[in-house]
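My questions all concern the structure below.
When the chains are written out, they are named A, B and C in that same order, and each has its own residue count from 1.
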Amino acid sequence: MSLITTKNLSKKQLDAIMNKAQEMEPYAQKKQAGTMMKGRILATLFYEPSTRTRLSFETAMLRMGGSVISVADADSSSLAKGETIADTARVVSRYADIIAIRHPKEGSAREAADYADVPIINAGDGAGDHPTQGLLDVYTIQKEKGTMEGLNIVLSGDLTHSRTAGSLAYLLAHYGVNLTFLAPESMRMKEEVTTFLREKGVSYTETDDTDTALRNADVLYATRVQRERFSNQKEYDRLKDRFVFNKALIEKHNASMLILHPLPRVYELSTDLDEVPGAAYFRQVSNGVSIRMALISLLLSSSL
Amino acid sequence: MSLITTKNLSKKQLDAIMNKAQEMEPYAQKKQAGTMMKGRILATLFYEPSTRTRLSFETAMLRMGGSVISVADADSSSLAKGETIADTARVVSRYADIIAIRHPKEGSAREAADYADVPIINAGDGAGDHPTQGLLDVYTIQKEKGTMEGLNIVLSGDLTHSRTAGSLAYLLAHYGVNLTFLAPESMRMKEEVTTFLREKGVSYTETDDTDTALRNADVLYATRVQRERFSNQKEYDRLKDRFVFNKALIEKHNASMLILHPLPRVYELSTDLDEVPGAAYFRQVSNGVSIRMALISLLLSSSL
Amino acid sequence: MSLITTKNLSKKQLDAIMNKAQEMEPYAQKKQAGTMMKGRILATLFYEPSTRTRLSFETAMLRMGGSVISVADADSSSLAKGETIADTARVVSRYADIIAIRHPKEGSAREAADYADVPIINAGDGAGDHPTQGLLDVYTIQKEKGTMEGLNIVLSGDLTHSRTAGSLAYLLAHYGVNLTFLAPESMRMKEEVTTFLREKGVSYTETDDTDTALRNADVLYATRVQRERFSNQKEYDRLKDRFVFNKALIEKHNASMLILHPLPRVYELSTDLDEVPGAAYFRQVSNGVSIRMALISLLLSSSL
């Protein structure tokens, strides 16, 4: 099996991943050196650079005793010499036991999985999905809050283009949470996600007003408004400032609000937020290692 | 000893490599985790990107329990800061136990070997040689066909610039095979190779007609006609189409023909060929790992 | 603890590093495979490429049985996506046990250390410091000469911009050596270093005349005059030729002079020098591995 999207994961699969991640914590948190992946190789194929995600996968594999082969910037490498993703997937399958692939084009991970002989993990495909990020976000919320039931969760930023917000929303549909999408009119949560939520009977609210969104928020999941999405610099400057969060704003609404961010943050989270107890974005990073350990482990033992 | 070219390998050395590669198969095919290279380091120094070859070497070393240090694109790195290959070879010799080097300039691997204190493996030097590719090609033919004796082997494409075709031809001179070089007039097999074959008393045929070449073929070794070799785009378009192979063409001549390609293929092999039983170009990839394991192993134990 | 500069190292710390490096020699010189770093991860974060230094750190970690995660050219990677060094340091701390960082901006390693949760080793920060190079230089002199006492040591080249010359000078202040700075007027040893030496009561001589400098030299530490420092190509050509050393020049003064260079050399050391017995610049490379093993080891066991 491969992990391409969070959309079709069952609650049972989700639970299996969360449980396995918890089991992996001592290894992810450097308390124990794992050997369960001895002799196994992970390939990280990154057609666009993403240091954070790549290093997280590699750390996960290495701390379980496995090895790594890597293409850090496949675009400038011969992977781009006109070869199809299908062929690349077939070739790398002969080297590695499992492959994490990042690609700027939506659908690429799916295509790789169709031709690979080993499990593929989608490490982000364009505006598509970023399932390991969504999973680590859920894992972080559960761990920090104890339970998901009844939580008011706000997703903010450019929700049209954020693959992490989409991947997270699909997963949150499995829990009894209340969702609020905070975004400017031109960056509302993508149709594919809201349709999915309506079909699953999950209620959500949309707003472009920060105070309205945060009023009863237990969790804020902030994402970037990405400059590269705008043809108009003025429009960018106008919008980005409306979705910046600082300590005063958070404390006004809920001093113990849990704050998540897929990183890197640029300006969306003021550094004065770092001292707030609920600022969990760096703790998220360690959770990402646990989650990726869990996925590598479950996929390689065909137990997902 | 270093491995720079296939030209001067003896039949005895060739047999030693083939036997060792076979011994390595369980490790290359992920059935067993090796430990024979524990504590040893392979350096992959790639002055031009070649993901396939680099990952193959690294996989070989890792699956034998060794470690890897790597420069994936030495051109843009400080290796290029005006330092000579001689100095780089001396420096990296202090780090690694063995070095695989890829360089756009013919003769570079030889120069590195002259100054290094550890074995050098040429992983491709310009239009020069690509010995590990030639060796894995021979290994694949032997494995797929059972024997080399009496085989009709066709090498096609831009044989003037293909270092893999040249490296393979040198090796085939050791076996009782019949060679056919299928190429346009302007891309005939390079003089250095045909001279060598004549000196060794190996007969070969040259043609630019596909049907003539394939008539009694047991093995087709296809290579790319590389766009970058042409100053004239029209000439490129005209020629490249004449050396494209598809299922119908192969089946017309010999449905069980063995088809090899050094990869990446771009257009030379139609994807409908993938279902033909003799389409061995992805199986070649695994054989490449076995061959590189054999070479690392033999060179490090000074038994070549 | 982190290692950011050699300026504030005590003689006791310096001795501890030198002793540990000696202990590490069998591993650095490939005589023994270490396991003391099993389960530990070194991250090499290089915001500017420096293959030599990066591979040295990685070799050190791997030969002690540890693993490596790496960003070979952070500039073109997402590390540059507007994230602060502080955030990057916090993130990578969640992956690695220790971080070696190279950055074009002076002060960056210090900033990283302020926010990281794991030890940081400065692998060169702009015109700032390059402490591991300085340490391996001292180690080499001690090893080659037996003692530091009374040695006449010449540092030559562009001493204003050479971070390695500065890092070395700070360390030499701990020993009873006589220092000569050989540089053109426009490239004299930087003020910060000479001030430090005067405060420590270390006497030094400055000259721009090669023969004067080499007259009683026991050790010559040559560095490059870097083209990129000159706006005026003519001025560069005029100056660089004045600080080129060859066999004849060295033998005229002292045939057993010890010659060091941080590498890569471009033109400063003629290749005919390579046969001189005191040409230690390639032996320096192995010593670099020992020193980096010592530092990783001491910092991870909090014993520095």
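Just so we're on the same page, contacts are C-beta pairs under 8 Å (C-beta built on N, C-alpha and C of every residue); 3 or more make two chains touch, one makes a residue touch a chain.
Since we're looking at a predicted model, the values are computed, not measured.
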Subject >> Overall pattern in which the protein chains touch one another (line/ring/star/complete/other) >> reply: complete
Original post:
Counting shared numbers against all numbers at the contact of subunit A and subunit C, is it over half, same, or under half, different?
Top reply: different
Original post:
Hey, how far is the Cα centre of subunit A from the one of subunit C, in Å?
Top reply: 40
Subject >> Contacts with 2+ other chains: residues of subunit A >> reply: 72
Subject >> subunit A residues touching subunit C - in the complex, by the definition given at the top >> reply: 30, 32-34, 49-52, 55-56, 58-59, 62-63, 72-73, 263-266, 282, 285-286, 289
Original post:
What part of subunit C is in contact with subunit A in the complex they form?
Top reply: 38-41, 43, 67, 69, 71-72, 74, 76-79, 81-83, 87, 90-92, 94-97
